[in-house]
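Down below are the structures I want you to see.
Note that chain A is present in both complexes that follow, paired respectively with chain B and with chain C.
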Partner chain A sequence: MPDPGTGEPLLRTAHQLIVENDDIANTLELPRLTTRLDVIREICHHLAPYQAGERPIIGATVIAKDLTIDSLAIMDMVMELEDRFDVSIPMNVVAEIHTVDQLADTILDLRAKR
Partner chain B sequence: MAPLPSRNTQLAQRRAGFESTLEMLDYAARGETGVSFYNAKGELLSALTWREVRERAHVTARKLIGAGFAAGERLLITADTWPGFFDTFFGAQYAGLVPVPVSIPVGIGGKDAYLDQLRRQLLASGAVAAVGIDDLAGFLADAAREFPAVRLHGGSRALEALPEKAVDLRPLGAADLCYIQFSSGSTRHPHGVQITQRALMANLAGMTGPAGLDVIPGDRAASWLPLYHDMGLIGFLMAPLSCQLSIDYLTPRDFARRPMQWLNIISRNRGTISYSPSFGYDLSTRRGATQVPADLDLSSWRRAGIGGDMIRPEVLNRFADAFEPTGFDRKAFIPSYGMAEVCLAITFSPKGAGVRTDVVDRVALADRQRAIPATDPQDGKRARSFVLCGRVLPGHLLEVRDPEGKPLADRQVGRLFIKGPSVMPGYFGEPEATREVLSDDGWLDTGDLGYWLSGEVVVTGRAKDLIIINGRNVWPQDIEWAIEARRIVKNGDTAAFSVDVGEGERVVVAVLARVSGAEAREALARDVAGAVREAIAVDCDVALVPPTTGLPMTSSGKLSRARTKANYLAGLYAPPASPSKPAAA
Partner chain C sequence: MGLFDRHAGLLEAYRDVRTTGADPFQIRMERVLSPTEAVINGRKTLLVGTNNYFGLTFDPSCMEAAIEAIRAEGTGTTGSRIANGSYSEHVFLEEEIAAFYGKKHCMVFTTGYQANLGVISTLVGQGDHLLIDADSHASIYDACKMTQAEVVRFKHNDPSSLESRLRRLGDKPGNKLVILEGIYSMLGDSAPLKEFVEVCKKYGAYVLVDEAHSLGALGETGRGLCESTGVLDDCHFIVGTFSKTLGAIGGYCVSNDPDFDILRVTVRSYMFTASLPPSIVASVRQALRVVKARPELRKQLWDNVATLYDGLAAQGFKLGPEHGPVVGVHLPDRMLAIGFWRAMLDAGIYVNVAVPPATPNGVSLLRCSVCAAHTPEQLQHMVEVMTGIGRQLGVISGAPKLRVVAGSR
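Our next item is the complex of A and B:
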């Protein structure tokens, strides 16, 4: 993204990129930044036991369909993620989540809005 | 904020015996008791005395009447447990409208299935308004789009925004409907039970009286049961209201998240009456028993009811074992039996007797429909225990009938039929569906099987194919349709049923496997289980049936789920290779 003032490309460090993506101002109370990777990692940690065969768990994995996880375990996972990241996912939003990516983005969006 | 009192200082307790729901509320509003709402952390979020419930409902009613809604029109409410539900439910009643409480979405990815269900409920009830919590305003708008008759929809603001006009209230009276209860029929063809004021008053009198819970002054109710379910709405709103009790609520979601909060609330507020299906006791034991707070005291809990699913004595025993040290009295358990078609309850086990079982011989039961005492009750293979559900409420009749309709004697298993003042007049706008279950002379076919034992009824299962998972009714057609709708298999290639796995039911879907190779078979099983989970939020085992074998049909060419199940239990169908779990039988 060029600087709107000079037209020069902005120089940014990786750290600043994270800041911009993750709304550091609202996450300062956490011991460290919550990055998308953190959220994905946490989700995959919960889902790993339910991997179907050799198919890897990726962002596009449809949680209720591509894995062997049952609905009670899904509910547990969502609750634990809510506790871990200190967000509350409204029921209408939960009802529209299908994939790992969507779940991660939802959590990040909610954190950003706090 | 302090919890509301358990007793009224001046107002004398009246135990049911009212003419209508609003007469109950008008009376309770003269005292200091009311409803309190707790969150998952056990914090009191809000509390409304019955007087405040009534005043707020009056405001809502004047807005509804002022907006031009006509008496008798239906108002759909997504029934979450929060003060807004009370405003709308009682507001509709004071406006002469008939409330239609419906469920809220469950689980991940369930939007499409939920919208579909909303549309079917709008159609079946002919509702002219659809309101609920703000989070669901978008879903209500989506669902209402196809229904021009729906003149108002949205979250709490949809009602708040209406101007309050100086109009006379039009309270529903003794001869009116009270509300429409959706809990019967499949999701594809939902049947709304007409809960009439008269039937409800009769059922409440039985429930709160000496043959039921025998409510006394100072009793206090606690509930996490959903208010869209008859056990939540009638059992833990109407029944306590009919006796001017205070009620402490936890939402079903928060209960699932922190089951111990249910027990904490009972302990802290000295609750005396609370109900749950067996699975709620199970969840509390499994999640809570390892972290019981030191100060938990369940000694005040004198009516621990069980209903809504097949009662599992071993689950209740475990709960009692785990919580007896905190003062829980296992004699407080009250197994009971009922259904929305009789408002809620029809039999109660005698109070103070706890869970009593009858252990019968499995083979005689399956082959000859006879409940013969097992020679060796410890032999799990031959012996099966059932819970005694008590006597039928006064003024009602119950018959156990054979397939020809002849009443049966003790220990002969047949279909349960009920007659009496609690029985519904029929399903809303569904004369044919009504005729299927209700005879001209007023006998209701419950679809359940059971037998008599010295004047008490023992329920053994269901004659219909209905599946009950965690207290939720699931129709096998809905499961089959969900799979077929995703074009995973052809129409008619699936049969869903449930098997008893000792402490609950497990759904099994038998699927014609028109694929070969381990990988393709695995993928098919996974897709089927995934489709069922997404659409119905139910987990299932998948049994693959060779196309050459086919699924069993009845003589009239209809799918026979009963024979499919028998074949499955006999080991005729192979479970797919891993990773799917082995089928449990």
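Our next item is the complex of A and C:
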């Protein structure tokens, strides 16, 4: 899957290792940093159903204007992203977010402050 | 750019609605005959969309009390409680509502909207945290716009969603206030209040419950969801309205907080609007007596809810998740909802139509509100009419549902 922001191919990172130990197999979840790409990818996943025509969703996409999503659905998407990335984005902050890039930066900033 | 250009999208949607030949947002009741009937478009129409849960708008004792009050004290107070003084009856009403809930304090507002707007926006301020259910009423959302507190939404009726948001606050300073509703106005579902209250206790959050649609309907003595779930003492603030079960207009907030009365000089929606007129105060005081004296009205209401809800469910309609005085009927889209609504009006039945953005998750609904004064025959007739229209419009299948009793392997 190419990066929806840049069109560059994504690098896969292995974050799950299966460790076999004789007859026991454990899955180890390795702590992994959430990258900007992860956040953008998740946002695009939520916005895909609202894509207008063939125009791709990119970092500069203005969520409320370039897509067919309404304000309530935006707030519901934010709630999903909050749980996915374990941050809370206050409604007054959401109101100032216009583009996909801004939303991703907000999530990353809030994660960094945890 | 003209002042109204920003509403272009809404204007277009509204035009679509009116192409059905009737405007659901400008219905005129030419004559109201009773709590369950009115003349609309020249014909007698069954009312199943008025929030008049106990049918008290025509209760003779409430009407007499209002008429008596007008003769004694005139038609209006012409001013606010703060600037122009209270009437004795305002104070009596507040004392009676406080006593009804077993709380120390009560403030009465001119509408329920103003109660939520003023109380919520004033209780929290800069540095505080306001957590609201995603399906909250517009008055709660509007309060959010008026406060400097940080507002975060949690998933509807989901205590774990609230918990994760409270947990994320960690040891951030500031008060936490959680807003819940007894019965949600679109789908008639109730909050899992006991579970919510447990989460709030764990994180030291205050709880405010809006019992607008549950006053009278829920609880052994009609005090709402706080009573029926046994958490009356754990709810710091209870808000409600006089405009549904009590059959008039106005709002209230009760609390045990010793400093509660400071809200009288800080809540702007209380300070800067005229107080309730004597007739309203008198009918509400009487309606509260009726609610206490006639628990059979609550039973009648729930019997009627069962008749309508179970009747529609048996025909295959997709309804809200549980029995409630509000019965929300899901329809696939906005235009079908409006067409269905129009067909029902033509058949002499008035319900509400609720379409996005006024509804949660973008659903389109026929919103029915049940009244204790409905007869079983009226509601059975409604189920028959809705079944007929539902089949014509392809919302439900034509033949009665066949149950598969055995299948080949």
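The rule is short, and it goes like this: the second predicted complex is superposed on the first by the 83 of 114 C-alpha atoms of A that agree within 3 Å, B and C clash if a C-alpha of one lies under 4 Å from a C-alpha of the other, contacts with A are read in each partner's own complex, and residues count from 1 in each chain.
Here, contacts are C-beta pairs under 8 Å (C-beta built on N, C-alpha and C of every residue); 3 or more make two chains touch, one makes a residue touch a chain.
Computed from a prediction, not measured in an experiment: that's the story for all the values here.
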Checklist entry - On chain A, which partner touches more residues: chain B or chain C? => result B
Next on the checklist: On the A-aligned overlay, A:Met91 touches which partner chain: chain B = first, chain C = second, or both, or neither?
Outcome noted: both
Next on the checklist: Once chain A of both complexes is superposed, is A:Asp66 in touch with chain B (first), chain C (second), both, or neither?
Outcome noted: first
Checklist entry - Is A:Gly53 in contact with chain B, with chain C, with both, or with neither (first, second, both, neither)? => result first
Checklist entry - Can you list the residues of chain A that meet both chain B and chain C? => result 70-72, 75, 79, 90-92
Item to check | In the complex, chain A residues that touch chain B | outcome: 52-53, 62-66, 68, 70-72, 74-75, 78-79, 90-98, 103
Checklist entry - What part of chain A is in contact with chain C in the complex they form? => result 70-73, 75-76, 79, 82-83, 86-92, 114
Checklist entry - Can you name the residues of chain C that touch chain A in the complex? => result 134, 144, 150-155, 161, 164-165, 168-169, 356-357, 360-362
Next on the checklist: Quick check: in the complex, which residue numbers of chain B touch chain A?
Outcome noted: 104-111, 114, 135-136, 138-139, 253, 256-257, 522, 526-527, 529-531, 533-534, 537-539, 579-581
